[in-house]
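Take a look at the structures listed below.
Same chain, two partners: chain A is paired with chain B first, then with chain C.
== the complex of A and B ==
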């Protein structure tokens, strides 16, 4: 029987595990979080039962049935609170996956496994563009507000401003409202004409994705319109406060997201949620040797195979497409990894769904693409790299004065992207700013900030123990 | 009061009974709900910052909320660099503000 290791227990990973089981493989699912469900179905712990938790979620029944199918299945093991901290390629071409389990960032037990097949479903995290004042306490990513509302029942503020770009701003606004916060404004950077052009063009392509459109329209109708001002073509260009957020300045943005002078307005608030799209969590895929696309997602073929033999990828690491795409890709990846083919009847509807939602994802991506001139709202002393506190002025000066533009050397000179988060938050922004200031579109050394040998810092003690840990098949726990 | 827990009496999810959890931060006790993260308990009490940045000595707290940014690190029961948004709060946990004079880096992160 094929042993499959699935990394990530979000919609993609769970769908992959379920499909692989249906096709007869044994499966082990790993997630660093305490509970399964990923970002989309982030929910309360068992110690906090609630009569109607479903009201916070979409497709909650899908989650419940996936979970029940897998949790009671002896052929499937689910290990939560288990972090994959590295993937290594061995001389014989197989991959060793290194796991650490136990208290988060505590002393952890390590283990290595060499699965027959690997399915990567590590998802994405929010991208937040730097704004003057964005390091003040009370500024969060939109996803953080969402995670606190769904997973902990906490409202991150009383008067909250939501800003950025993309349909994700809607569920965040809805969750904040359900948590009792007052959303004083939602500022979408894309202009209405651009959104209309890409959202509504070629309506026949949306057939079948219509529940997604109505889910979004539902947000607009119930949570946003009338109660919450929703402005398109606007952005937060500065955040004010001394010890914590006190206000923001919003301004109209032109088509390239440059603030339009004279349109600034100050709004009092005590929390700001920023979300300018998502960045895929690529480090394990990169470590495994998987090729990336030009848009920097994991490249997969029609069967969700990556460029590395035996390694599959599904969900937001292959494209930002929302839950339906993640579920469809997961199902195909699991089925094929277990020996099936996309021609098989059981995955026919998943295949159709994938094609449909891929097109939906493409139009959303185009409608909300980050404008080329966003950085004009930065000030010289605006922090870009939050860990190492490197500001925009420093990045510009270094880039302008360096003739040979290797990203690596620029990073070493400025220290941007070298902190604890390893450039996850600022990496792509730093690349863009350095490339812009030095007048190049790509770096001479061909590097990007996606490469991270260690997916999560381990304690030295755990690392020292790691090599001695026995290697097991995914199903034998030493 | 800005950051705060959802009032259980008005919460549309109709929460059942919960247990409380108490942690100590900078000499004060904070009460949260069992199952919350360290960050969750602090935010529920409107504490927004629990780290001081290295260079500019500025306050930091929760940012990404999902374990990616490491902005929220604290010392818990003597153990440093614990992501407050990922660590479940244990009753009696001693949480300390972290302030590192130099930015902390990860080995091998330079490429």
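== the complex of A and C ==
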């Protein structure tokens, strides 16, 4: 029987596990969070259930049925609060996956497994572009604000400004409203013409994905009804305050997201949520040796196979496509990893769904692509790397004085991306700013901020007690 | 006189700066980016403490005098806007952890004192005063005030920035694919992935890849990569004040054994992280992560500094050290091809030894007297000759 390790218990991972079980494999699912569901189905703990989860979560019933199917299945193990801290490529071509479990602040148990098949469903981080003043208390990423609203029912402020780009701003705004905040404005950086061109062109391609369009239309309607001002082609270009957020300056943005002089307007608020799309969590895929696409997602074929034998990928690490795409990809990955084929009847509808939602995702990505001139709203003292407190001026100055075109050197000379988050938050932004400052299109050393051999910080004591390669267990299933 | 230097690591950078300032027309040719190889994957050691009396220690002593001057010159020349190379003459502390280890350490230190090294044997209580977080289990301690540290990547960038100010050019993403010769067989430059670079003299400073470069030039050079891994912790308040290492480190640096060897070296960086090294392993250019290696480094570091137990490893990096079969660098002209020089094979000591190696190279090119006898570093020295033939055959 095939033993499959699924990393990530969000929509893609759970769908993969369920499909793999249906095809007869034994499955183990791990996730670093306390509960399954991932970022998408983040919810209150079962000890404090709320009747409104279904209202707050799209596809909540799908989650409930996936979870129940897997939790009561003896052929499936689910380990939460379990992280992969390293993946080793061994000489025989197998992968050794090193796990640490338990409270990250205490002593953790370590374990190493060598699964027959590995399914990566590690998801994405939400991304926020730096803005002068964004380190003030009261500024949140859109994802963090939504997590607080969904997971804790806490609103980040009373008068909230939401800014950034992409359809994610809608559910964030809705969640904030449900948690009791007043959203005083939503500012979408993309211009209406660009959105219309990519959202609405070739409508026949969207046949079957129409509920996504109507879901988005529903959000728009909600804003109108709730009198939340929604402006496209606008962005927050500065955040004001002394001890915490007091106001923002918004401005019209041109097609490349450069602020248009003379269009600035000040809006009082006590919280700001910034969301400029998502960054896939690629470190495990990179450690496993998986090839990436030019857009820096994990390259997969029609069966969700990566370039590495026995390794599959599903969900946001293959493209930012939302829950429907993640569910479809997960189902295919699980089914094929367990020995099935995409030609099999049980995954026919998943295959169709994937094709449909992939096209939809491509359009959204194009409509909301980050403009090339966004950095013109930065000031020299705007912090870019928060962990190491490196500002935009330092990046420019060091890149200029060293004339370096190597990312590794630029990181080590500026210290950007070397802090606790290891570039998860700032990596793409640091790369972009350094490339711009050094005038290169690609770094000469070929490195990226996605490479993190230590995928999660580990206590030295725990590392010292980690199992030796001779103690590696074949994948253990009860 | 035009010089083409192959490799923009610490060695190439130090040579480029010195030659450019001496009036040579310098072009540095680098396959990838500046400081993209070994120099970006090491600890920035400027050590005398780990070296046995002999030519390498002589070179290290020379370097320990030069580095403070070079650091000051770079700072004065490049100004406060340039990132600091973090030169820190912090000194080293070598300790033994077992009763049996005490005597060999004392004997080693005595042999170094005999050639003028400041190797101060101190009582274990005094060692604990210097390093209060050190294990109480230490059995002997030697303090080396001459040991120092730099941030190696910034050091390379600074040396090259200085070289550029003296007129040097740096070509990155440019791979050497062959050699150019004049009618008499002398080097006339190198052909690269971006066209020919004409030069009267060519310096192979490609570190562990110097063997490959020699191959592209039609020659053999028995330099091999030896892999070393280092762990980096999260930032913390300073608790390690010197370079502190377990006495078995000395054994590992001198060994030619291909198997994994680890010995503990612990030190803080200016940024507040702690570097924990290191391993030495001959695995070719295999750069895959091996948890067994980093676990062993972690385990041994706890013996030295028990407080590290609760500290977190944030990242790890591995580099390839250029390793010669007789453990001495190669610095000088290649008698097989007039106009070709090699400066490589410093293994784990290249950051420190770079500035003195460059001085020897300059003197050999100028025909002046080098700061120390270059014969032990010659490519045709007796201990290297058999290996040269071995590779050539």
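Just so we're on the same page, the second predicted complex is superposed on the first by the 460 of 478 C-alpha atoms of A that agree within 3 Å, B and C clash if a C-alpha of one lies under 4 Å from a C-alpha of the other, contacts with A are read in each partner's own complex, and residues count from 1 in each chain.
The working rule: contacts are C-beta pairs under 8 Å (C-beta built on N, C-alpha and C of every residue); 3 or more make two chains touch, one makes a residue touch a chain.
Note that the coordinates shown come from a computational prediction; the quantities given were computed from them, not determined experimentally.
Engineer: After superposition on the shared chain, which partner residues are touched by A:420: those of chain B (first), chain C (second), both, or neither?
Structural biologist: Touch status of A:420: both partners.
Engineer: Please work out whether A:112 is in contact with chain B alone, chain C alone, both, or neither, and reply first, second, both or neither.
Structural biologist: In the superposition, A:112 touches chain C alone.
Engineer: Could you tell me if A:452 is touching chain B, chain C, both of them or neither one (first, second, both, neither)?
Structural biologist: Both partners.
Engineer: Does the superposition put A:412 against chain B (first), chain C (second), both, or neither?
Structural biologist: Both: A:412 reaches chain B and chain C.
Engineer: Answer with first, second, both or neither: which of chain B and chain C does A:138 touch in the superposed model?
Structural biologist: First partner only, chain B.
Engineer: Quick one: name whichever of chain B and chain C touches more residues of chain A.
Structural biologist: Of chain B and chain C, B contacts more residues of chain A.
Engineer: Check whether A:94 is in contact with chain B, with chain C, with both or with neither, and answer first, second, both or neither.
Structural biologist: A:94 sits against neither chain B nor chain C.
Engineer: What is the contact status of A:379 with respect to chain B (first) and chain C (second): first, second, both, or neither?
Structural biologist: Neither chain B nor chain C is touched by A:379.
Engineer: In the superposed arrangement, what residues of chain A touch both chain B and chain C?
Structural biologist: 388, 408, 412, 415, 418-420, 422, 452-454, 457
Engineer: Give the list of chain A residues in touch with chain C in this complex.
Structural biologist: Against chain C, chain A makes touches at 86-89, 96, 98, 112, 287, 388, 397-398, 401-409, 412-415, 418-420, 422, 443-446, 452-454, 457-461, 463-464, 466, 468-469.
Engineer: So in the complex, the part of chain C that touches chain A is made up of which residues?
Structural biologist: 30, 32-36, 40, 78, 81-83, 151, 153-154, 156-157, 160-161, 164, 170, 172-173, 231, 233-235, 271, 276, 288-292, 294-295, 298-299, 301-302, 308-317
Engineer: Can you check the complex and tell me which residues of chain A touch chain B?
Structural biologist: Touch list, chain A to chain B: 32-34, 39, 44-53, 55-56, 103-107, 125-126, 135-141, 143-149, 151-159, 178-180, 243-244, 270-271, 281, 383, 386-389, 408, 411-412, 415, 417-425, 447, 451-454, 457.
Engineer: Using the touch definition up top, name the residues of chain B that touch chain A in the complex.
Structural biologist: 1-7, 10-16, 18-19, 33-37, 40, 43-44, 48-49, 53-56, 58-71, 73, 79, 81-83, 85-88, 103-111
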